[in-house]
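Below is one structure, written out as structure tokens; comments come after it.
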């Protein structure tokens, strides 16, 4: 059994202590600052051992226990850690962020104060093209010349927006009403506090390649520069069991087990029975699920059957 | 004991059934539609009686029980009712709305779809002036002439905004990026589902005179046109115990008890001891709490001591 | 576009309407009754389409959309459905149940009312043995003779418990204090209301083979007899993407890709590098993660390498 | 503007640092230990000022701001503080405790480990009598002689319970099943983590005279011995605006305003109109709400009209 003093010491993380209050830049004018934190990898282990009973406390065993907890979705010990950030983020990005409900928030108020005079700007080579086959994403960038025009136009637009806002304030219009036409690119600031379990969930969704670029940038900084230092064992387990993992559905397990034997014909037959492949004028047409399987097969280094 | 059929019948509210899908207009282009609901005043009573044991079920007793529950903050029975709305609301209003975390939300996505082509507009006589003594609110309206100019300017601004947005889309820019400069006045839509306990909390905050005008309009429609018909006994209790109630702090109780006896001098003496009144060049200066008490005394029809 | 009447009709599920109020038996004296519900598979689709924009509404497309949502953890549309149950359950089972926090609960109060006179009893062939290699579970049953003794002893014990409780009440002791020695096997009742997203999460944890037998019985009834009728498309997707799915971690993907090529030697080599296999006196000793992989390989019909 | 180092220093509370890990006894065998905390009164102020904008930071102003926030239910800044406790509590008390859902919990598992060998015992002078006019509470104590008998009986019962439990374990029965007849008086332990806003809500309900004695003891220790030292300004405001406050409903405001003028007859007349007083054979019969008003009038030092 450790002494109380030892237990308390184990909840401090010197690498994170050194970062407190330091500004990590994100996007053109955003940032993330760690304001405070509670707990460490050791705190997770300590809470888990309330259930499992006391045991030896070598780091090698801590690692095994944390991996076990994360792998088997025993999530409550991770809730024993808490992180408090000060962030600066464009409002359209914040609109996505705030959808994570299990967090504590104090946002800069444009009702009480004058809106921050900064908007998210776009460099000529940062204008993204609409993806055609994927409804939600973007794909590649517009050519340089068009990009320059768009950035010029954006700058004029931002100037116009700010003038309109300030002109209202100058005339005495209430801040709560004047603000209504601020563009979503306007930066806001917030204190954001969340427990590690919910933070992991946030990161797994927002570091993902399907997340929008802007929020992905914030999530990546939180993950790679903060969480990795704060709780390194949890971060390693998170990479193995979330970021770099794959899920196989019931039907996919069936097909993989056939393909692992190299029986492509049988796999195609089964896929047809499941309506994953349908005959069309131009040959076999794979369903959306059949297409999604291909990416998984590639990771498994198994030859694509269609 | 009621039969199952009777119990089920008591969960239906014909007045609300008639409103399902009907559009209630709010602001210039917003609306609220009831999509579905679960439960009724009877369901609250039914759930409460799981705890209290069975009893007679006359309406007069239902009323007494519901009032008792609301008065004493026995909140869980109210969670047994659920309301699902389809709303159309400007984004800056929605930013306040979404802060109520215990609700279920599906919002119109400007990542998948093109943004709704409607913005909250302001008539010349609707421009509100900044309140000087209260940081957050607005007070009165700007004069007609200035209002006309502001509304003209707003119209031009909205046109510019939409052109900028559509011009980006025309050039093939991804919707998720093109939208970043939409003004906060742009209308969005959402399905919003919430239980009655949390809805009551929402209404008590957002129907309040300190809430911003726009969200107050929505809250008032939800309260007066929907909740009042859905759960009339709960609505009546809500008006008595929340909307029209007052809270007296420990110090306020002390002062009211003195003032109810007409002893103004003693009240002033006590207020000085508590530092609610301080001497200044221009006489006694009341603290913020001392000023807040005046409004309560007026409601209690007790003469103001300072 | 559907009419309002059509939309409303699509939120009703006749198979579930017929079950309202009917008692589904669980364990020796427990039950589950559906009291009310909100929404259907169609409501999920309807909410999802607020984001995706209107589309055609054939059932085949509803199915595809629901599967897509569940597969990609787009969870908010499932929150648009709500289920309200009346359950009767032993307190020790209820202690696990209540840990699911995102639900609404009204429990029978033994402070206001006399405790329910029923305890969870165990038949001679139902006494489970402690599993030795798995800390949490049970494994097999005790022999008949010992089982008879245990059940006899349990009966005597329950009688003693009830006498002790009632004797206190007879002497006028407050119910809130008299109840303190009730055994955890005492049945309690509750109204329990939860949205479909959180219900799916509950089912995935509590229908799992690692869940304790008693709560698994309740979860299975809720899943197989209620959810399967209420939202059949969601239920089918849940079986494919949760119940019958498997997750492969980063290291597991690596090993499976090697084993799918039949290269057992290389797999063992890699496993040693990752410390999944360590040399011991009795040969190679697999780590816990190495052992867990074996069950997955069996499902994939790939020969175990260790 | 403070430096980062100053800001960080202000989040430490030396009085609480000294208590970390120390055991505070509750009931006969329970305890509370502070394991960790995040934030201080200063952190609340800091978070609130994200909204209000920077200002001077004297303690006198901190106090005014915290009182303002608590008085006006601006609750989010209080969510920026977090407290983590290790508690030991009887299971029947824990059953009430766990109903506060917005908290993080890791409880001692009697599935993985052998149940704690301690039960809540009752001294002869601690047996409480059932209150007759109030369904939920207890009132006074049983006489000494009966108390001795009850405590003797309780001791025998506890011994029996433990023998039954251990006898099952000895026979190899799974811990998860053997535990099912443990009495609710059995002590359990848990790590419990909660933010200050939700803790305040917990305390206002559980320190209240209507709360059961046992949980009130825990809440009082948390409030008076921990929170009062951790966030003294918040604690003072909590006492003024929650513990020692009173709420007057719409109808009560009306009656108090009449009674403050000494017009008892008019008050009775109005009370009759509102059906708060009804004629009966034995004179005027006050309703439950009319009776509740009497306690408030006493606090306001106003003579009771009925």
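To keep things simple, chains are lettered A, B, C and D as they appear, and every chain counts its residues starting from 1.
Methods note: a residue touches a chain if its C-beta (ideal position, glycine included) is under 8 Å from a C-beta of that chain, and two chains touch if they have at least 3 such contacts.
In this text, all values refer to a predicted model and were calculated from it rather than measured experimentally.
Following the contact convention of this document, A, B is the list of chains adjacent to both chain C and chain D. In terms of the distance between Cα centroids, chain C is separated most widely from B.
Each chain gets a centre from the mean of its Cα atoms; for chain A and chain B, those two points are 32 Å apart.
Mean C-alpha positions place chain A and chain D at a centre distance of 38 Å.
Chain B and chain D have Cα centroids lying 28 Å from one another.
For chain B, residues that reach two or more other chains under the stated contact definition are 52, 105, 112, 135. Contact residues of chain B toward chain D in the complex are 52, 64, 67-68, 71-73, 135, 205, 210, 239-241, 243-253, 256-257, 259-261, 288-289, 292, 299-302. If you check the complex, the residues on chain A that touch chain B are 90-92, 95, 98-99, 101-102, 105, 111-112, 119-120, 122, 127-131, 135-139, 142, 146, 150, 153-154, 157-158, 160-161, 164, 167-169, 171-177, 179-185, 212.
Within the complex formed with chain B, the residues of chain C that make contact are 4-5, 7-8, 11, 20-22, 36-39, 43, 46-48, 50-53, 76-77, 79-80, 82, 84, 86, 104-109, 112-113, 189-191, 193, 195.
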